[in-house]
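To keep things clear, I will list the structure first and then write my remarks on it.
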């Protein structure tokens, strides 16, 4: 019961906070919530079930393009697009999981497959004119609830918060159920897991499907916020690495570590970008790289691990 | 079909491109195929070498072929540092540690180079730049020909090193069964260090060789890294001759694909081949060990 | 006439030209403890792996409670009631002892009303209940071994396969495990044990099956098997492991 209550309190707090933020603050809020949702989604497959994906942008992009294309071409409401995006993400995850995990490929191979799939999709979409090719798709600004567009950033804050909440609830539900133990066992020791009655391949496929579905839901929200999507931003490796990075720094496999990582790193990035005023491009990525290496070497359980160790020491 | 007359040139281009891919990938064959070290920063060491060559050209007015004398040791040194600081501590840890650590390194290297050199493309003229060899209707850059010859030499050289020398035997022993090797007196850590330095350091040889006909930019690294992994898997893990064959195949596929379809379809084909191999034949074309 | 719980019939496993297991057959009745012994390289582990579903036999059949289970995957066997421990114990390190066992309770995807309570009950049976809240990586080796047994017990097996569970333990620790195994047998669970610690397996087992060079060379009561000349010869020149 406790995690749900805690989650409810945090969400309520954030929802109450949003209206009082500046425009820039609300922009950060939206980014943190959306990136946080992607990181939480990634963590289900990468952290909880232990299968590292380097191509999660595939799901986000698929969701974004599906919803946007349906809206622009058929006038389908992005709300329906949101649901369809989740279905597509889930199906893609399940399909990818089923084809890959059945062959018992080790971690690196899975990472390479996901990387190649995302890159391939990037190039495919760049060549499909119906999807805007390399120039991308622009969404005309017509704010209305039906169009999932809002006149002020505050609306987007709540939309992003909603997706984040869904991801968080899914994670809590998984954690308390048999599925949580299935993922744990698979991550720790596949042979032991099998000896305990766990269908390892099925477990990984389920993890991939849930992870894909949640990540895909971020796509339509992002698309309708920025009102523009293109292959590079939607399928590029930067987004995939961000998901991994935030989860790692926050705490791989922990419940909400990825969110913690996002909350710390996204504002940090914006701060750096602001400070350097675009003069030294990519410096924030150097910082990411350094943080990643430092976390790996010094605090492998991430910020969440550091926090829980500190709490445990306080209790002892 | 109007592409037919262009085919010989395309095939030649593909062959030369393939040779470059092969020589870039062969180092990864050693570090990933034999040692099982996952290094996502492999291509970035090549970029490092290219930028060092560029500095040699602009500061010291050295022709790339001459700056090889400086670039090779420098890149090898960088490899040694990387191994000691980043790889060695996580060599026995779960695989994902190496993935993440080298991803972090890649981020650092790429963006450091971006910050220092900006995203501008740079060319590095050499004494051989502009020298074209003509065979019938096919025009080949002399520098590319030299790089191809070097590629074949390096691949065969590494094959010989691993198969027929004492060093190679020890490296293979260390890689195949760490504990057994330790017990027979092999200094496993040292072998890994040496092999890693050879594998990554080879890029310090490659960079000056391809500089005369390749632009350098910070993102050169990541595209070469992925291609290198593709070549290593295609050519079968740890197989140096396979790296050569795999490189040629990818080079030819890209060149011919580019001719037939235009756009970035050729990359799609390359990735599709990669994914299919990973799923259905992870042991590569030449078989042997997988996983 | 009750049929045997486990029937191993002509099981062979070849690796290229090497016959790791060669036409091994034996039965195991429910409520029995059968010990599988033999010098190193006899093929005991390979046979174990084929029975527990991790390796497919090249030839032969394994039947459990009347149903053919040859080549079935491990998770299916666990759900049928075959549990196993591993020689190199690897508990789930970063979670508590209790959570390790809960994973075993929930693994076979069965109806359980209270996984926590069920897990605690299992921990009590192996005398680890006082360590329930400890992180698994902080356990001592004998405690980890008992956790390994507990996890397998949590799947509610009718047959438990134990792979060198006594390896690396002191005589006192071995005695502890033997008490636990005797308790398990009293609960009606059959045991198939691979072991090198002779005194333990001799006193625990109702019957022994002896393997050498992939073949079964003897079967029967411990005292009979110990006196069998073929068995003695198989061990001749090889050091006994863990004879305590």
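When the chains are written out, they are named A, B and C in that same order, and each has its own residue count from 1.
Please note the rule applied: contacts are C-beta pairs under 8 Å (C-beta built on N, C-alpha and C of every residue); 3 or more make two chains touch, one makes a residue touch a chain.
Owing to the predicted nature of the structure, the values given are computational and were not obtained by experimental measurement.
A centroid comparison over C-alpha atoms places C as the chain most distant from chain A. Nearest to the common centre of all protein CA atoms is the CA centroid of chain A. Chain A and chain C have Cα centroids separated by 43 Å.
Note: centroid distance chain B to chain C, computed from Cα atoms, is 48 Å. Taking the mean of the C-alpha atoms as each chain's centre, chain A and chain B sit 32 Å apart.
On the side of chain A, the complex with chain B involves touching residues 50, 52, 54, 99-100, 103, 105-109, 111-113, 115-117, 119-120, 123-124, 126-127, 237, 241, 244, 248, 280-283, 285-286, 288-293, 296-297, 300.
Listed in rising order, the residues of chain B touching chain A in the complex are 38, 86, 89-90, 94-97, 99-101, 103-112, 114-115, 118-119, 218, 222, 226, 229-230, 233, 263-265, 267-268, 271-272, 274-275, 278-280, 282, 291.
Residues of chain C touching chain A in their complex: 52-54, 73-75, 78-79, 83-86, 90, 92-95, 99, 102-104, 106-109, 151-152, 154-155.
The residues of chain A lying in touch with chain C in their complex are 178, 181-182, 184-185, 188-189, 191-200.
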